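Going in written order, the chains are labelled A, B and C, and every chain counts its residues from 1.
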Amino acid sequence: MAGQGTTTDAAPADTGRHAYLKNGEARRPRIGPGLRTFLIFAVLVGLGALIFPSSYFYRVGTLVWINTLAVTGIVVLLGYVGLVSLGHAGFFAIGAYATAILPSYGIPSPLAMLAGVGMAGGLALIVGRPILKLSGYYLAIATLGLGMLIWMVLSKEAWLTGGPDGMVVSGMNARNLFKLVGLKLKSAEAWYWVAGFAAATGAAIAVNLARSPSGRALRAIHDSDVAARSLGVDVARAKSRAFVISAIYAAVAGALLALANGYITPETGGFMHSVEMVTMAVLGGATSVFGALVGALILTALPQVLTVFADYEHMVLGGIMVVTMIAMRRGLVPFIADLWNRRKS
Amino acid sequence: MSELLQFLVSGLTVGAIYAAIALGFTLIYNASGVVNFAQGEFVVIGGMTAAALIGAGVPVWIAAPLAVVAGMLVGVALYRAAIRPAREAPLVSLIIITIGASIFLRGAMQAVFDKQIHRYDGFSGDAPLRVGGATILPQSLWIIGGSIAVFAFLAWFLNRTRAGRGIKATASNRMAAALVGINTGRAMNLSFALSAAIGALAGVLATPVTFTSYDVGVLMALKGFSATMLGGVGSPLGALAGGLLIGLIEAMTAGYISSDYKDASAFVVILLVLFLRPQGLFGARITERV
Amino acid sequence: MTRQAVAAGISALALLAGAPALAEIRIGASLAITGPAAFLGDPEAKTLEMLVEELNASGGINGEEVELIVYDDGADPNKARTFATRLIEEDEVVAVIGGSSTGATMAMAPLFADYEIPFISLAGAVVIIDPVQEFVFKTPHTDRMACEKIFADITSRGLSRVGLISGTGGFGASMREQCLSVAEASGVEIVADESYGGSDSDMTPQLTNIAATDGIEAIVNPGFGQGPAVVTRNYAQLGLDLPFYQSHGVASDEFIKLAGDSANGVRLPATPLLIPDQLAEDDVQRQPVQDYIAAYEEAYGEKPSTFGGYAYDAFHLLVDAIERAGSTDPVEIRDALEATEGHAGVTGVYSFSPEDHMGLDLSAFRILEIEDGGWTPVEQ
């Protein structure tokens, strides 16, 4: 029962997406799909900046892009390969905490970020092999356990992490990046552009990956382990690679959030955050990076809209999760794409 | 020696609560192949309802069954509103649906009850009993007894009764079960009702020892889920053993190693078991269901 | 299509813009009304709402009506920072109260320096006011003071060897660290150091170990929520008879209700809020304490908690500062706040200075003992 439940759904989703990509190629044959995704994201980032009236909107926008980046990793793992992880917040937190901790040992922020991303990727590589032999609910509990262990270390080792109250992240402010090229921005705006750029790059890489030979191998595994193996795909290696890539996405997003917030707590690595990431992916549609964006946008903006009904926020949020999963199993983006295609034909 | 005994008593009490939750997971899994992450909310519904009734002056022997019935009704409602419409959905959707349902129920409980921590007196008083050099609360005996009774009931029910065999048959092949005249819809309703009742019963029994509040369900579900996986999905014996084992591991780690990493020890053991024996301690090798 | 969907989403986001500002004094708050710290944020929010209504009924501040905007950050620092930005930018508040938890407070704090808006935190940890940040104040005593007060009581009983059993949540972990760091200076020795998870249901293994430690003379339990009540019950279950101390984190009637008879004999440092009728007639805190309790009971039909008291003090300190500043300019309010001298609140008597943004001393704490399910001050 390994997430292969998605098998039946994956096929139409893919056709939809490929059809979409093909249309585009027919029009503009020289722009590759990765670059095109990047440009679409860039336009959206710019569009946001055009309509945002205040720092508060930039702040929410920054969170949307950071979440999009993290969820793009889930898209690679869940959407491409069909593997469920309930512990990815752990990798997110490793990226965040490395960025927070290492500067106090004299390592500059950019290197600290790299180190955090490396650590998350390395850990994913090491634990990936045994964990990825499991499937379905067993994989879910194993990743959940891994995430819980990371969260526990972060909350218990107070000498290093500040404990459950969290720690201050000092160091790089995105504002200074823009100062280098003579642009004076508020820090909320600066982080918005950085996060938007990161999300666009991440999306482009994920789209390119999907169309590369190893991406096709991943898709084959999604359909069936056995079939993929008979096609000569090294299933264990391909799964492990997807796991590492998705951990890296999470860690980069974590590092960005740590720097943008200036403060982090172990809850960034908590179970609910893992659930939130998977929910964003599934809500938007786990098979494409645009699903990641839509899911991240909805779940990030929703609590801001719901402040009026703060008492019922949980009920609304839970209700939306249930209803979307029942009515639009493949998520919003494929659902709407289907409606669109049906109307056209 | 009396220390070891105290750790054992502690581990068994806590483990019995995990076991009861795991038994609820097992029943639903057996019927539907769904791991219900909202299982912890039934525990809270049981505890909060009983606390509210007892607080309003209802005697405990009326409040307790009413709380179990309340849990049961919510269980059936959950099945009809959220699980049945999503029957053939992929695993990840089912995970999200049940987690969504648990968030929804948490919000509902916060609105229906309150955000306070609640407790009521133990059924047989709160005076500790001395066993050897250790002490045990009478309520712990209720909890341990309750879990064993639920286990015995489930083992009997699933194997010896027509309705129980119907549930098992529905799980292994819904179509075939329907063809041989089993009312699969009723089997599913029944399994959710019973599973929720088991969860609520765990809440009713545990609240005098563990206390309850609207938001403890997630943690309960995580511990119960872990116990289920450790014991092996779908096996009542596995659920009982898995729950008790996690309770004991936690108590022994807290007692002999470090209370800081008590929770971690349980997860380390689960990961090890999954790596070495992925089907869990008592689980049958899982069949791929497509 | 996808592009359109996203664009539609963004324009929906644009609709979230707050209502336009009106001519009144706007005060913001970001509190943990739900989530793991709800028992802090819930009474805090209730208290603020009650006080604003009260204030407006009696004519507002210098004749201007006050509007309170409260957001629920669920103790999530990420949300707290977003809400703080929203309060400052969209709601155009003149001051912010809140951060029920230390994490939320610390995530918001840098914003107030950037925007020059005064901020009064309701969270406990020392890091909030040490080092002092120009725009950040707080009303609760620090956990370090609680440790010092408890240790002073222990040594005054001629005891010195202490066992700690701490919750692993933010409150317990932070207080444990403070207790460890002030132990030596306070003349006590920590001989056992155990912990438990916030929703654990049986701590007898940890207590058994502490009780078995050589020469142990007293037990201290930093933590809040249900954990300390479970610890107290387990303590009684094991039949231990060492002097047993809880923290100010459980200073409420709720704790006695949850711990039952086991709570008798427990001592803890608390605010005068718990002993309104036992305060001396000339105690400057008698009036605010009795006012607060009467008003809260009338509004909500239940007794206020220590945490609600932090919000009560924060609000009154702020209103007092705005009145004295005679202006709604945030920087002038901040200056007036820092000049606060001898303000009698329910938690203690506050005197802020450029070096001290908490403004309480140890006398704000009183050691209480639980006797027959009620609070009795311990003579010192």
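The rule is simple: a residue touches a chain if its C-beta (ideal position, glycine included) is under 8 Å from a C-beta of that chain, and two chains touch if they have at least 3 such contacts.
Chain by chain, the UniProt names read as follows: A = Branched-chain amino acid transport system permease protein LivM; C = Branched-chain amino acid ABC transporter, amino acid-binding protein.
These numbers come from a predicted model, not from an experiment.
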| item | value |
| --- | --- |
| Pairwise touch network: line, ring, star, complete, or other | complete |
| Winner on C-beta contact pairs when A-C is weighed against B-C | A-C |
| Inter-chain centre distance, chain A versus chain B - centres from mean C-alpha coordinates, in Å | 32 |
| Averaged-CA centre spacing for the pair chain C and chain B, given as whole angstrom | 35 |
| In chain B, residues with contacts to at least two other chains | 110, 260, 263 |
| Residue numbers of chain C (touch at least two other chains) | 34, 168 |
| Residues of chain A touching at least two other chains | 156, 313-314 |
| Residues of chain C touching chain A in the complex | 1-3, 5-7, 9-14, 16-17, 33-34, 71-72, 76-79, 81-83, 85-86, 88-90, 101-103, 106-107, 110, 114, 125, 127, 168-170, 173-174, 177 |
| Contacting residues of chain B [partner chain C, same complex] | 3, 6-7, 9-10, 13-14, 17, 110, 115-117, 119, 121, 126, 128, 135, 137, 206, 209-211, 213, 215-216, 219, 251-252, 254-255, 259-260, 262-263 |
| Of chain C, residues touching chain B in the complex | 34-36, 38-39, 42, 168, 194-197, 199-206, 208-209, 212, 225-226, 229-230, 233, 236-239, 254, 257-258, 260-261 |
| Residues of chain A defined as touching chain B within the complex | 1-9, 78, 84, 86, 130-131, 133-134, 136-138, 140-142, 144-146, 148-149, 152-153, 156, 271-272, 275, 278-279, 282-283, 286, 311-322, 325-326, 329 |
| Of chain A, residues touching chain C in the complex | 20, 40, 43-44, 47-48, 51-57, 59-61, 63, 155-156, 158, 163-166, 168, 187-188, 257, 261-265, 267-268, 288, 290, 293-294, 297-298, 301, 303-305, 307, 310, 313-314, 332-333, 336-337, 340 |
